[in-house]
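Each of the two complexes below includes chain A, the first together with chain B, the second together with chain C.
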Partner chain A sequence: MFGKLPHIAVPSDVLFTIGGYPVYNTFLITILSALVIIGMFYIALRKSRIIPHRAQNLVEWIFTSILNLCYEVAGKKNGRRFFPWVLTIFLLVLISNWWEVIPGIETIGTKSAEVPGCPEQLSGILLWGNSANCIVPWLRPPSTDLNFTIALAVISVVATQIYGFKVLGAGKQLGRYFTLKDGPMGLVVGLLELALEPLRILSLSFRLFGNLFAGDVLLLVIGFLLPVVGVIPFYFLELFVGFIQAFVFAFLTLIFMTLGTTAHGHEDHEEEHMAEVAHEDHARVEHALKREEVPVA
Partner chain B sequence: MGLGINAPLFISQLITFIILIVILWRWAFPALFKLLDQREATIRSGVENAERARREIAEAEKRVEQMLEKARLEAQASSAKAAQAAEYMRAQVEQQARERSQQIFEQAQRQISQEFEKARAQLRQEVADLAVQAAEHVVGSSLDQTTSRRLANEFVAQSRELK
Partner chain C sequence: MNLQFFELAAALAIGLGAIGPGIGIGLIAGPALAAMGRNPEAAGIVRTNMILAIVFAEAVSIYALVVALIILFVVGNVH
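After this line comes the complex of A and B, so read on.
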């Protein structure tokens, strides 16, 4: 064996402090992910044209796909309202997840003798053999840090509540949890629903963290056991899982927001919603037809 | 402590990543690019169709304008032609009326002249007869019929000359 399995720990590592505030390796790469997204949009929209160039086309494609998904799930008005959250969460989680396959992740860092099993003296930049894993990595995928996934989940759930109060009003929003309209059983169901809200944070964050942390460990372990060739199928698997988890997180946020802005106990509400969706479909078709007539700038 | 690289794993990552990129470049990206190219083609054809439709509408508007202008000119020409024809007809009718009135006038003049001549001849005859009768009263029956006729005629001729 010419290397050593990297030290695997759930907490992320502190790289340095700014004014006593610790900067973690996962935080650094979260900032990098945000910069990647901003850069992507900057390149795509810098010289935008009616007939898009390739980067613009890619961004437009992602943008319209997510926007259409929001329209289909939440209707025109709410769909547009939730869209910025859904797109931002999707892109941030996707980019964060895909860092896993980039070389240097968890293999470049600061030499550290504090890693268990490491000698006191570490010489040279390239570390081999027993001291190969004696580093504190500078870059680690954010999704493998619970802080990142919980923060996103809290944002998702809190935003859902804010939209609930905004769209339904305080009375109806609180009435979802505290109601005696359907008898004591209705109250129990309402309270159960209230208890589910914080559980959503857990389910969202642990799903993402669990999948990505496991994937990260998998790549490191397989990379250690079967370097180069053996790990390739898992790279594809991780790309796929990264995409699916980003989509699931964003889609669940959209679903929670849609459900959170739908009043309970109205039999006719669904019909209204269907009518609204039908009306919006019609409007969308008309809009698409009109777009054919838009003069070229 | 300074920079450290987990050399075996980093090299493994590097090679794996290059292989991954090659595989994606060979199989995954073409599919993605094809999708994007199709999208671009759809947008391009949509924009071109819109542009063509806009151009066709502009051309149709231009054609309609031309047709209207042509119709306007034709109407003006027809109107002018009709006015010309009316003027011609009016002139013709006026000419005919003038000719007809001239004819009537000349005919009336001829009739008057004839009547005048006739009346004069008749008057001359009556004056001669009166003169003869007067002369007979004056000279009795000394002159024969033929002589008195001659004298009367001479008198009439003289009176015409005097006149």
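After this line comes the complex of A and C, so read on.
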């Protein structure tokens, strides 16, 4: 027997303390993710040119894809306004999720005899047999820690409320929850909507946490059952899940912000906008078709 | 008499909780794929809305997962 089933713990571990403030392994890697994003943009845009080179092309492609998504969902003015939130959340969550597939992230760390079922004496650099899981990892994907996901969800929901007050004004924003115009039923519906706002924090944070924690445990358990080869297909699955969850978190933030800045009784306006977008798409396709018909000299 | 089936409880929580979302995701994705096949021009909008709807269905199974985790790691440790 080469190892034991990895020790699965929901809370993250304290690595060291700075002035009485504990530093967790998930916190450390969140800072690393932010540095990766800053570094990526710095390297790509340090020498930006009109005709983009390879790294600049990648960054610009991410940038314009998300910007176009914002324009399509929220319209020109609000789309530009929500865009920084959506792009920041998307990139941070994406990089945070993809840490999970890097080998060594949760298997390199300090030896610890405090893990349940561990022998007192641990010797050597590599741990084998019964002591295989007696470790406190230095790095652990941030999305597998509820603190990270709840913090992001709180930021998302509070920002949505602030935009609601800013765009609609205090009267209309409060009128969404406390209204007497539609009779007693309208009042109940408004109060229900008010009660649903904090629940968004729950669903947003637990969705990201659940998916990533489950994926993490899946990789560990498959790696235990069938080492080396068994995990290879699951790495691709986790890359995909990490991307989808990052996209979903950013997209839901965008949707909630769009809904939060649309007053009641404006649905027909929205449809008009959708028709406009569809028309633009149609024109673009026709244009592209025409261009292809031109024979290449 | 003090029987404690924490592992069984956790397994049942996620196992039963995954049935509904599984059916739901199938019901969402099937017609969406049919729509994309019939009208490939609208594939982009259909795909985005499909992912959105799948996410809401999937959230239910995530709640089941959270319940299972709580049973395993919190309730199990207290007793």
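Structure notes:
Operating definition for what follows: the second predicted complex is superposed on the first by the 264 of 297 C-alpha atoms of A that agree within 3 Å, B and C clash if a C-alpha of one lies under 4 Å from a C-alpha of the other, contacts with A are read in each partner's own complex, and residues count from 1 in each chain.
In this section, a residue touches a chain if its C-beta (ideal position, glycine included) is under 8 Å from a C-beta of that chain, and two chains touch if they have at least 3 such contacts.
Just so we're clear, the structure is a prediction, and the values are computed from it rather than from any experiment.
Of the two partner chains, chain C is the only one touched by A:Ser203; chain B is not. In the superposed pair of complexes, A:Met185 makes contact with neither chain B nor chain C. Touch criterion met: A:Ile244 reaches chain C, while chain B stays clear of it.
In the overlay built on the shared chain, the residue A:Ser112 is in contact with chain B alone; chain C does not reach it. When chain B and chain C are set side by side, the one touching more residues of chain A is B.
Within the superposed three-chain model, A:Asn57 lies in touch with chain B and out of touch with chain C [touch as defined at top]. Of the two partner chains placed around the shared chain by superposition, chain C is the only one that A:Ala214 touches, whereas chain B remains out of contact. In the superposition on chain A, A:Cys134 contacts chain B only, with no contact to chain C. Once the two complexes are overlaid on the shared chain, A:Ile255 sits against chain C while remaining clear of chain B. In the superposition on chain A, no residue of chain A contacts both chain B and chain C. Contact residues of chain A toward chain C in the complex are 8-10, 203, 206-207, 209-211, 213-214, 244, 247-248, 251-252, 255, 281-282, 285.
Taken in their complex, chain A has these residues touching chain B: 2-3, 6, 50-52, 54, 57-58, 60-61, 101-113, 122, 125-128, 132-135, 220, 223-224, 227-228, 231-232, 235-236, 291-296.
For chain B in complex with chain A, the residues that touch the partner chain are 1-17, 19-20, 23, 33, 35-36, 39-40, 43-44, 46-47, 49-51, 53-54.
Taken in their complex, chain C has these residues touching chain A: 41, 48, 51-52, 55, 58-59, 62-63, 65-66, 69, 73.
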